[in-house]
Each structure stands twice: as structure tokens, then as C-alpha cells.
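Structures follow.
In the two complexes below, subunit A is the common chain; its partner is subunit B in one and subunit C in the other.
Let's turn to the complex of A and B:
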């Protein structure tokens, strides 16, 4: 059981406990009896192939969708419609928390209203660093700048549980490096729980203290990243997370057959 | 400790600030247009006959043509459009930013109530002006005859209060339905309500009589507003963010 208190003004990182979680989109099973935990105060990788269920899992943790079967506890509390919990969870992905057709200031004001630990100055500093023009509308930005905007809002929200779901899509290599640097610097300065969902495993695997590997809606490996890599290594050669994913993922032939 | 009440209060204030700005802008623009119409009418020597109100159609006709009514109509339409646009534009972003659905629904309902109050305060001002100037150079929004007083238009004003509230809550509910379900659910619902039911009433006489009796009942409008607000709340509480 991994929990942290959510008392007023506290910035204690929030842990996540998931038990027996299943979710279907009609006849499609997105998650099947998922049980796992995210330790508070860690950076946990959520990895898997396309369609593995990463985005659905993140959406359920952030209460963007109601749980169908199973339980999701954040900080030891059910997350659905609890404002003291939802305001401390930030899920940043390619759409959602940003108002696309109004100036960026609108999204910053919304975050300032709803995020208890919002740092507006830090947000502006990040937008400046990522060279995001603040007077523009998000829908007018390039994909990379739009991603940088999302990353900046998520970092400046300083939520006790911050989830990045492929937030750096479209960012160039320099911007991604800047993002990783900012993430680590702010993570150290303001400890929180971070979940990173990414396909760029080679870039982020060194950031991940823990990892959860999903395949076709099921958890196929979870735990300390080094231990998971070690468990799937050959003698004398430490497996990368990409190697782990290749070993654990259902072959595409089996996926299409099913 | 962040509570639903805290979030609702903060969001309602934010929505209300935005609504007030837009309604004030609509009022300013429409007043300019109205003044221009008045000046043109004065210069050209145009007159508009004043007729007593004998039905809702008459009210609407006068409403849209009177100089005082132009700002009122503009603000009323702006309130209806805002009720749709604010719900449609911000709900998903607010929920994804940590607000609960209950907070957003509560805040938008409070904001809707504020808009209804603002529109009706403006209507009262227009009514007072018309009571003062009715019979003069332009037609009457409320159908006031020359010599009529403010009190003569109050029943119409009270009826309009319910109509504006119904329109605003209906706008929010329509937006919520489109947010929660695929587009064809919203389109189908609107088609049934706006086209299917009237057609059914046309074919089935008892239904038409029942509808007419329900509409003429004094409690129909308040009950309709409450029922719509309840439906809006239920639809919003189950919202999924794709």
C-alpha cells in the first residue's frame, strides 16, 4: 500500500494503488484486471506498445473516466469527483487541459485557479525557455511548441501526482533535453510523484526509478527499473527497457490473430 | 483542503467575469446601433405605430423592432449563446485541470442564474424607460400603450424571466449532451424535441391539448427550468473526458 497524506497545504507526493482494474470500450478490452502500485515520490515509467492501455490507465488515475471494474486510489482515496484529490493530479497529454482556441493566458489562469501549488512565474519562465509565444493561441502553435506548452503547464502545476502521457511529441531533441533537465531539477526541488508514459525509452529510461510494463491491457512487469531490466538481461549484457518491451510484448502476429 | 464548494465559487466567479464582459460588450454595441437607428428615424421623420400586445408573436415583433428592445434583444441572445459556448468550450479543460464535474456544473448554473438576472435587470430598465417614453418616437418592447406605467409591464417581465432562464439552462444542457455523447445523440434529441413532438402533437389532438394545457399552467416554466437544470446536472456528472 503506497499512500501519502493530502492534508491542507501539504505537498507530500501521492502514491497510486490500482487493484483489479478493468476497462472496456464496447467490445474492446483496454485494461484487464490490472493491479499495480506507484510509490509516492518516484518517477515511474508507464511503457507499452500502442494500444497497450497506457493512456486509458492514465485517464482512470486522473479521473477523466469513471472506473468500470476495480479500484483506483490516489493518496489512499478514491479519485472520482474528489476535488481535494483531482486538483493534485495533473495528467498532461496532447489534448485536454489546454484551451486550444483562446490565448495561452486562459489556460494559465485556469491552472492558477484550480492547482493548489501553481507557480505562475515558473510557468512564464518555462514558456520563455521553450520559446513559446504566450500571446498566441495553442491551436496556432507548431506541434513541438504545443507540447512544450503542455509540459510547462504540467511542471508549473507542481501537482503531487504528475502524469506525462507522450507530452513531448513533436519536440525536437534540444527541447526534449531541456524538458528532461527541467523535470529533474524541479522534481528534486519539489518532490512529487511522476508517471512518464513514452515511446522514447532510450531517452527516458535513466530517469525512471520504477517501471510498469503493459501489454494488451495487462501488467506484464512492474517494479524497480533496474530489477526489471536485470531480470530480462542476458549474462554480461544489461537489457534496455526497449529490450524488455520487445521480450514482453505479444508478437504482432498474435495480436492481429486475436 | 479543496472542496467542491471552493471550486464552484472560484469557477463561478471566473465564468461570471467573462459573462459580464461579453454581455456589457453586447449591450454597448447594441446601444450604439439603437442610437443610430433612433437618429436615423428622427432625421427621416419615421414613426412606428404602437399597438397593444395581444399575443406572444406580437411581443416578439415589437421586441425586435423597438429601439429600446435592440440592446435587450442583443443581451438576451448573447446570454443564450454564452450558456452554450462557455459550457462547450471550458468544461473538458476545467475537468482535466482538476475541477470536479460537480464544481463545473454548479459554477455554470450559478453563472447562468447571474446572466438571467442581468438580462432581466436590463429588461426592467427598458420597461421603465418605455413606461416613461411610450407613445413617443418608437414602438414598445413590452407593448405599453401611451400613458401606461411600469407596473403595466411587470407581468410580461415576470413571464420573460422564466423564458430567459429556460433558454439559458436549455443552452447549457444541449452543450452538455453534445459533450457527453456522440454528436448523433444530441442531434437526435433536438430533432425529437423540436420536430418530432410538435409533429406528433399535430397528428394526435389529445397530445396537443395536453401540451397547451401544460404550457398555460403558471408553474410550467419554473418546473421546466428546474427539470432542465436537474437533467444538466445528471448529464454533467457522468461526463467522460476523451
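Let's turn to the complex of A and C:
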């Protein structure tokens, strides 16, 4: 689809550089000495089992939390309390970034004020395609429609760094397919950096140019997705990202023992 | 997604698909091949994956790039592919079949008769 209305200024996809990043919630280690990079202009997958640290990492990159130890640079600059950078980063997850108890129009108007490259027409076209009833309040929507609303706002924000953290929750198979198609079409039309965190690896592994694999707060593999998959393959059969995760993740038994 | 199998990376499969199309004449010299954008949106793959395939084919001299226009089948691409595959035909394609024939006790005469009968 789309009606690309004129956006203000040229966009330059933002890269992410993370070094020595550790994060704790009390005595629980969420991230342990993470060093990795997201190349500007790529779609990079952030994968790992539950509790691997994906959401914490995403929150630190998007400056939703202050860094405890280590550095997070986006576009070469620290992100914390720098509105010039944060206005160009969009993190969409199941909560937040949407005003739940006011009509959807309110969230769209806020995004229009906050996001330098916001495309309101595109947002409405997406909401129409996902069949989101725009007169409702987000809290009245089904799980799938609420997720579609988040995905639409994130796509139409056209942020130079866009992070989707399990944005598909509750979406049915058809809606997810639409989301992938829209993501790919809009990414091609408006190049930007995308970080995609998902458990539905079969559906997204071919969308990812690069991948970062986390296990228990550590980076256990990173780089070109094909190369990571090949490195964990047997001859004659290419490992899926699920195969990679099975090989690289600490088994639950070892987790509870630690 | 469904257009590819799980045996090798998609970029290798795309490159092999284009080589096959050039060999069979489905793509002729001077023909434009699908753009990386078309590959990405048609098969739901990252455009970089398709670009990797095209890069490999350019390096092999099978495609050439016209800036701002697209990728085209290079002059002599089909002949080059045929020459290459011919050189390897006996070793790569025929030898495994003959090895199998020996295992099964099929004689040279039987094989020759079969080929002649087919024609």
C-alpha cells in the first residue's frame, strides 16, 4: 500500500552500540555484561527464551530505564534523558506508548506531536486494514486489536530506530501476516533500523538480516542471521532459529539449579 | 517462505534459481531479473538476503547492474553456465548414478540400452 505523505527532513537509520551492559532487578541479574551492536538500517532480531533479557535490553535501548552498568549508544549518543535521540526511537510492546483510557485519536495526536516523521494518513490506513475500531478506547479493544493498534502507531511513527517487542500478542495468523507485509513494505519505502523481538521464530526468521541471541542475560550468538544459522547447522540441513535457540539456551533444569 | 526449502540459506537458493532460469532460457541475456525489493515483498524475506544472491551472481559475471535501473542477465551468461556445468557433469551428476548402479549390480550394457531405449 501506502500513501507516503511528505515527512519532515531526511531520516538516517540509527545504529545501536552496547558495551559492558549489566542490569539487575534486586538480586536478579537481567543482563550480564552484554556487548553487541545493531547495524543502522538493518532488521535485527532479538531472540531468546523467556527471561533471557530481551525486554530489559529493549527498554534500556529505548531509554525507558536508566543504565546501571555499561553503555548504550544510539546513533553514537547516550540515550538517557536526551529527547533529541528518544524522539527518534520507538519501542512498542504490549503496554505503554498508547493512552489506554482515551479514544484512539488521542494517542494518534500525541504521536503526531512527538514523532518528527509521523505519517497520520498511513496510521489511519493501517488501522483500517487491521480493522481496528478507531472510535473506541484502547482498553476496550480485544488483545489482538490492541496489538494491531500498537503496531500501526509504531509503523506510522517512522522512527529511525523502531523496536517491536512481542508486538504480535493476540493477533491472529492473518493479522500477523499483514503486519509482516506492512513492516517489510514500509521498511523498504522508508529505510530505518528495526529491532524485532519475537517468539514466533518460524514466522520472522527470514525477515531478519542480523540476529542477537540472548540466554540468561548474556549474548550467546550475534551477527548475520544466515551465518548464525549455518554455524549451528548439520550438513545438508539449515538450522532454524529455533534449532539455534535449543542449542544455545541453558536448559530449564540447569536454570532452576543456578 | 514456502518457495524455499530448509536445506540451505535462502540467498543460495535464490542464486541457484536464477542460474536455473538462465540455463533453461527462461531468463535470456539482457532480461531484467526481479529486484531485491520484489523478492523481499513477494517471499517475505529481508531485502538484504536477495541482495546477497544478486551480489553473488554479479561476481560470477552472470548478472550486471545498471545503476538506478536494476539487474540484467549479462551477455554470454548462458554459455558460461553451460560450459561450467558441462565440465562438471560427469563428476557431479553422472558419477553418483554410476556408483549407485554398481551397488545395485546394474551393468553398463543395461544402462546403455536404457538410454538408447529412451531416445
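The definition used in the following text is that the second predicted complex is superposed on the first by the 249 of 258 C-alpha atoms of A that agree within 3 Å, B and C clash if a C-alpha of one lies under 4 Å from a C-alpha of the other, contacts with A are read in each partner's own complex, and residues count from 1 in each chain.
One rule holds for everything that comes next: a residue touches a chain if its C-beta (ideal position, glycine included) is under 8 Å from a C-beta of that chain, and two chains touch if they have at least 3 such contacts.
Keep in mind the model is a prediction, meaning the values are calculated, not measured.
Should subunit B and subunit C be called a clash or a fit once both complexes are overlaid on subunit A?
Taken together on subunit A, subunit C would fit alongside subunit B, as the superposition shows.
Examine A:110 and indicate which partner it touches, taking first as subunit B and second as subunit C; both and neither are also allowed.
A:110 contacts subunit B only, not subunit C.
Once the shared chain is lined up, is A:226 touching subunit B (first), subunit C (second), both, or neither of them?
It touches subunit C, and subunit B stays clear.
Could you tell me if A:184 is touching subunit B, subunit C, both of them or neither one (first, second, both, neither)?
It touches subunit C, and subunit B stays clear.
Put subunit A at the vertex: what angle do the Cα centres of subunit B and subunit C make there, to the nearest 10 degrees?
Roughly 160 degrees separate the directions to subunit B and subunit C.
Applying the touch criterion given at the start, work out whether A:208 contacts subunit B, subunit C, both or neither, answering first, second, both or neither.
In the superposed model, A:208 contacts subunit C only, not subunit B.
Which partner does A:43 contact after superposing on A: first (subunit B), second (subunit C), both, neither?
second
Answer with first, second, both or neither: which of subunit B and subunit C does A:237 touch in the superposed model?
second
Once chain A of both complexes is superposed, is A:89 in touch with subunit B (first), subunit C (second), both, or neither?
first
Using the superposition described at the top, determine whether subunit B or subunit C touches more residues of subunit A.
For subunit A, the partner with the higher number of touched residues is B.
Using only CA atoms and the superposition described at the top, report the least gap between subunit B and subunit C in Å.
27
Per the definitions at the top, what is the overlap between the subunit A residues touching subunit B and those touching subunit C?
Comparing the two interfaces on subunit A, one with subunit B and one with subunit C, no residues are shared.
Across the complex, what residues on subunit C touch subunit A?
By the definition above, subunit C touches subunit A via 1, 6-11, 37, 40-41, 43-49, 52.
Provide the residue numbers of subunit B that touch subunit A in the complex, in ascending order.
1-4, 6-7, 10-11, 14, 89-90, 92-103, 237-238, 240-241
Could you please specify the touching residues of subunit A with respect to subunit B in the complex?
Touch residues, subunit A against subunit B: 7-8, 59, 62, 64-66, 81-84, 86-91, 96-99, 101-102, 107, 109-111, 113-116, 159.
Show which residues of subunit A lie in contact with subunit C when the two form their complex.
42-43, 180-181, 184-185, 188, 206-209, 225-226, 229-230, 236-238, 240
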